[in-house]
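Structures given as structure tokens follow.
Here come two complexes built around chain A, the first alongside chain B, the second alongside chain C.
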Partner chain A sequence: MTDSFLDIRGLKIGATVYPPGEKPKDIEIVHGVDIKLEKGKVLGLIGESGAGKSTIGLASMGYGRGGVRITGGEVFLNGRDILKIGAKGLRGLRGKEVTYVSQSAAASFNPAKRLMEQIVESALEHGVHSRADAEARAVKHFRDLGLPDPENFGKRYPHQVSGGQLQRAMTAMALCPEPDLIVFDEPTTALDVTTQIDVLAAIKEAIRKTGVAAIYVTHDLAVVAQVSDDIMVLRHGKMVERDTAETIITNPSQDYTRALVSVKSSEHPEKAPVGEPVLQCKNITASYGGDVKVLKNVSMDLYPGQTLAVVGESGSGKSTTARVITGLLPPIEGEILFDGRVLPPALAQRSRDDLRELQMIYQMADVAMNPRQTIGTIIGRPLEFYFGIKGAEKRKKTIKLLDKIELGESFIDRYPAELSGGQKQRVCIARSLAAKPKLIICDEVTSALDPLVAEGILKLLLDLQAEENVAYLFITHDLATVKSIADSIAVMYQGKLQRYGTKTEVLTPPFDDYTDLLLSSVPEMKIGWLEHVLATRKMESAGN
Partner chain B sequence: MSPLITLVAQRIALGLLLLLAVSVLIFAGTELLPGDVAASILGQSATPEALANMRRDMGLDEPAVSRYFSWLFSAIQGDLGTALTSGQEISSQIASRLGNTLFLAFWAAVIAVPLAVFLGLLAVRYEGRWPDKAISAVTLASISLPEFFIGYLLIYFVAVKLGWFPSVATIYPSMSLGEKLHAIGLPVAVLVMVVLAHMMRMTRAAILNVMQSAYIETAELKGLNQFKIIWRHAFPNAIAPVVNVVMLNLAYLIVGVVVVEVIFVYPGMGQYLVDHVSKRDVPVVQACGLIFAAVYIGLNLIADVVSIATNPRLRHPK
Partner chain C sequence: MRIPTGALIGLIFTSSFFLMAIFAPLIAPYGMAEVVGGVWEPMSSKHWLGTDNIGRDLLSRMIFGGQVTIFIATAATILSFVTGSVLGFTAAVIGGWVDQALSRFVDLVMAIPTLILALVILSVMPISILMLIMVMGFLDATRVFRLSRAVAVDINVMDYVEAAKLRGEGRIWIIFREILPNALSPLIAELGLRFIFMVLFLSTLSFLGLGIQPPSADWGGMVKENKEGIVFGIGAALIPAAAIAILAISVNLVADWVLSRTTSLKGGRG
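This part shows the complex of A and B:
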């Protein structure tokens, strides 16, 4: 193809890593990738973390994040190799020919400056437009992207607008200097599904209207299928396959792609409740001080050996529910029954057995472990603390727990930094199991993991549940995860229980409006899903 | 009321409360000293009757609490009492001394603060390379040397050998600004060297901290050059910690210049205080203590208010 304005040939990217206790060493993270992109086309880059997809996206701007360097290959953009034009040449191209939309717009805007100032900055810096012209264009983009009060939107500071609005503002910032290429780096990953669908639609429409080419980086195949013409699957810094979005979704040629496509379809038959509930929340109302009640009259039951999934968007009160149950936030009203007895509302009043029987696993396994303790120490700690087990006996039990989480004895003397994200989460699971709990609260435990890794964690949790008869309160925003693990579901919205019941009950129509919105917003691995949903919603709202 | 005004009002109220507490400490501290004003005035000739008369005349026989309040109320009205040694109004004496000290501090600050910030920005721009290391080495060396040592070193080389500046920094009200500036050249140089390192290191550290933020990467991907990134995107978010350190150093320039004033025989507050401590002139010591405390608290108050005001979340609530 001669009309490729972006032509990446044999791209190699390296980095220096600092393994604990060893000398720094250079590794190669992208091993010779070729990308050709025509004007106005959208290429989706997909793969799990460490596949090099963001790194490749940034390489098209000649940029390496942190200690990352481009070590080989050529990146031709508009006919010249941008790896040979030097720092000054690169500055002339960044923000003019190529712009960038990051995953976290909230962190990517300067908190001390008004949005407009930041949005027109690159257009002014490169002399693309005059200030008045650039601002007029920005307002037009605000309007096209569906931002509220487009005339005055730019006068606000980043903290004054919501996450979904910021993500759109960042798209406006990328569009403003009229680039040839925009690199979208997981632009909707940090958003709630109900927000994601609007931002996704706004981005897609903006791309279509301006005819800009884009590289769309994400780990979510269903999302990328909605916006891309072509999809390139990456793994371990190499291309697995590249084809049209249609072919990748419906007829992938590689095993790895097939695994990615099928990952969301695992099903879990629900179990009927047996015996007395292990946890009963009765009419819980809670607040963080002030008049605002973050939980309003919430009641739910959880039976031994079962999983209750609590779903909702950010701010719905699902994590607050966990804080109330663990005693971190004593409720204003209502009580918690655990195994038939009333739990003291505040953590400090609870007995050591109360604490032992109710464990937690967190979203960020990294920060939930002391980086200076070995895995053996981390898992052995609850054994010693709750049961007084020491020495050889403790080691034996620790190894047994390591076997249970499918890691094995060799991990006992390693440090958290030496483990992958999925392995760290497994260690956290083992640590909570060491206390022999009756209930484990899992707070977004798979949200930070790649789909295939997350699937492994879910499977492990289910196996352990079958073995130990432990109950899970599973907090998540991801409805696909819910389907594959829950027995019952609580949908939360604005601090209230919107819908509650067994999985079949909750997921069977007729739905209330919010549950319908939530369920229909989950991206499906189908070309044209986005348009279909939006069209359906438009018809419904017209009908109302 | 906006949260900003509430917060600022709180800070000011706290500052006043703190100043009140300090005034109690100063008064109590001088009360604890052995002997009293009457004894020190009378000296050798102190008979019990003379002491008693003197104390009655000066109101020293009243209880400490009522004496504290009368001292406090006159101080608030600007009357700091009379110096025992000279019999002059302390307020008028201090006014000219404080003026001199502020003059010296002002010129030291005018040079040191922008220089420190500029060097800090420069150190960030060339982080880890030789300009950064040179700036750190020189400023750290100058802060590590005692100020009297730098002072005498400058007097020996610059004043005695080269004769560029006078070694004695005496200034009179009748001098022109140029003459005054020439006279205080050396003490200003010493003060600048003393305060530079602290502010420079803080500027550097605060900006480097901000440089890790995602929005710095955004700026880099807009194609801005390094200095624009630092100045436009990093510095506005690093102002609060920098202002805090700047204010601490300004306070030091006013309150802590005793050694420099003595070395250069500069007629400022520090020298005045030291003179009267050695003469056991308690009212003067109290007055100086109160003024120093007010300056310290006032400048830190400004630092707090600036930190609050530079926070866009407080300036522009949702």
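This part shows the complex of A and C:
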């Protein structure tokens, strides 16, 4: 027996992997983790991808996802070991004593059923409430979570509400059967920062009101610091440290945690514009057909060797700007000047030199590289295509590029699948550098990476900029990244340029309402930051 | 590399069928159309599989028939794959009206039952081996077109293809270097299946009298020649029928294994 209501002891989790061309082998992904949780407390689980945080979160409901097996240890919930109660016992437990909120609410709701039906389902299934009772409770939760028109909200279908609202609806679903424990698995990661803050506040308030205990899984330390009482830092399936949220943020005892806390705090000194701009967008208006204009009269300049950060939430037109500049989407009005000359609007009309001097790096490095080509082919192709370099000379230059991105010769014959996320992104950087470009468009290049890896990529980009004098058009939704790389900033909102200027100009008050909202919504590594922002901000997110 | 038992059996049977087809004149004990005994003689040491409806050695006809069947099926499969996949990839990469025209034409051809269309064409055209290969190959190319277009449309929107387009690569590079290597595993599995369909298709045509013409042998035609024997309890028709079935199953086993091998990069098993 145990004194805590959730007591995980020596939890070991394993899986079978199938490496190509080899025999399947069993690996251990969580190596003996202990967790104790008191009633009504919130524990944040934090770590980089592959740390085992989601796996541990799910194990507290006795579940292993996608071939993952709990191979050892005990999970006591309300005094009994749930690993020993069998499938029927687990069925009675899940959705009643423990509930789950997933990262993608959009993928978790059944699109063919109304929200209310899905939200009260588990309460009815377990006989916790009558239907009328459960629906009344759901409406109360809708109100507490700040959802619009709580009486009628449940009558909508999942596609009729926004992403932030859907995530809150899923929280209502988790709260409905009055569980003792809720597992939140990255509930705000897929949301815009401006929406995230409201969902975060709603979740925190709901936890406080109902007194439910929670495990909050995320990779973002600043987020978890706002909602948790305790934080446990995980790495490679082992605990690094566990302490109160306050101590972890202000006085961590381990080096790894210190690195996590200090990440994103680096500031990049702003450079003054020199010479003629390499890229000038003049009054660009673009549309994907039809009457809806996704870009309205956008103008911006970028100088050689500098970084222009384009920021904004999803749907603001950031990526469309990139598509217009690359020629994938010819604008309906306006023109683009590149290095002083007018660039033909469509890709097919541009010369090989136009294409060479304007390169692009993508968000998802693993789909930006052909999985059937070796790293040598991927990086060597632009050398051959633009400069006609072949054979031994090409290999030599490729190795030189690999050295530049800090990977080295040993990578040349490998395939993309054999590389980590950060390494893949480095190869994509090398591929664009091989063309000796004047401008590289970086579309959310660090968004899919763990914070420490992302920091390394940003540092590499800055070093290369200093060396090659290449300009970056850096598209991102993450303002912390902007601070550490940009020389000038363009804030976009609903297809328009909201605010534009040098970094200092844009980040110095007075702000317009939207810029204020965007800037204030970026989570900071401070306890009590959430409450402070909610009390002082000027407008709400468009997602509400 | 460990080969699963099923695939191993498939490989052994498939390769022995192909070897038999290649070396047919060397292995066959008698000539293809040589009458060497009585009608429907039972199996004996002289005629291992007995004789057929006019006294020809069944084993020899099986071997020569296998050669014809496998040769035509292979040639038609290659033809259908080359035309189908090149057109399918082109439609996917170019898109627009080219895609519309090709796809609607393929819909049109597929709307007519293949066998009936083949029967109509073959009943007005002179029947020769070349004609059979062309008719079977082009009719089947519609199915390969659909598959390869669907696969290529998926790949065409991947970032690495966009990166190649932004680099200024031509269509030939995009089709053969970016799309084809990634479309290969579903296509190879389909290759096996299409080969089997070709064998069945040819056998059906011959059984109906519009395929290989006597006295040349092929398995479908041999079923037809000997089918009257079944009512007298003579199993001569069952031997070519069994050969068709065994070839179909063993090629399928190999295709299955190839599919699971080539997709193992993306987490497949076995």
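What we mean here is this: the second predicted complex is superposed on the first by the 531 of 544 C-alpha atoms of A that agree within 3 Å, B and C clash if a C-alpha of one lies under 4 Å from a C-alpha of the other, contacts with A are read in each partner's own complex, and residues count from 1 in each chain.
What we mean here is this: contacts are C-beta pairs under 8 Å (C-beta built on N, C-alpha and C of every residue); 3 or more make two chains touch, one makes a residue touch a chain.
Quick caveat, the model's predicted, so the values are computed rather than measured.
On the superposed chain A, the two partners chain B and chain C both fit, without a clash.
Using the contact criterion defined above for the overlaid structures, shared-chain residue A:341 touches neither chain B nor chain C, since it reaches no partner.
In the superposition on chain A, A:368 makes contact with chain C only, not with chain B.
Once the two complexes are overlaid on the shared chain, A:126 sits against chain B while remaining clear of chain C. Our angle of interest has its tip at the CA centre of chain A and reaches the CA centres of chain B and chain C; in the overlay it is 30°, to the nearest 10. Contacts of A:63 after superposition: chain B is touched, whereas chain C is not reached. Touch criterion met: A:95 reaches chain B, while chain C stays clear of it. Least inter-chain distance for chain B and chain C in the combined superposition, rounded to the nearest angstrom, is 9, based on C-alpha atoms.
Once the two complexes are overlaid on chain A, none of the chain A residues touched by chain B in the first is touched by chain C in the second. Within the complex formed with chain A, the chain C residues making contact are 1-2, 158-160, 162-163, 165-169, 177-178, 181-182, 264-269. Within the complex formed with chain B, the chain A residues making contact are 61, 63, 65, 90-96, 99-100, 102, 104, 107-113, 118, 121-122, 125-126, 156-157, 159-160.
Chain A contributes residues 18, 20-21, 23-24, 326-328, 347, 350, 352, 355-356, 359-360, 362, 364, 367-373, 381-382, 385, 415, 417, 431, 435 to its touches with chain C in the complex.
Within the complex, the chain B residues that touch chain A are 213-215, 217-225, 228, 232-233, 236-237, 310, 312-313, 316, 318.
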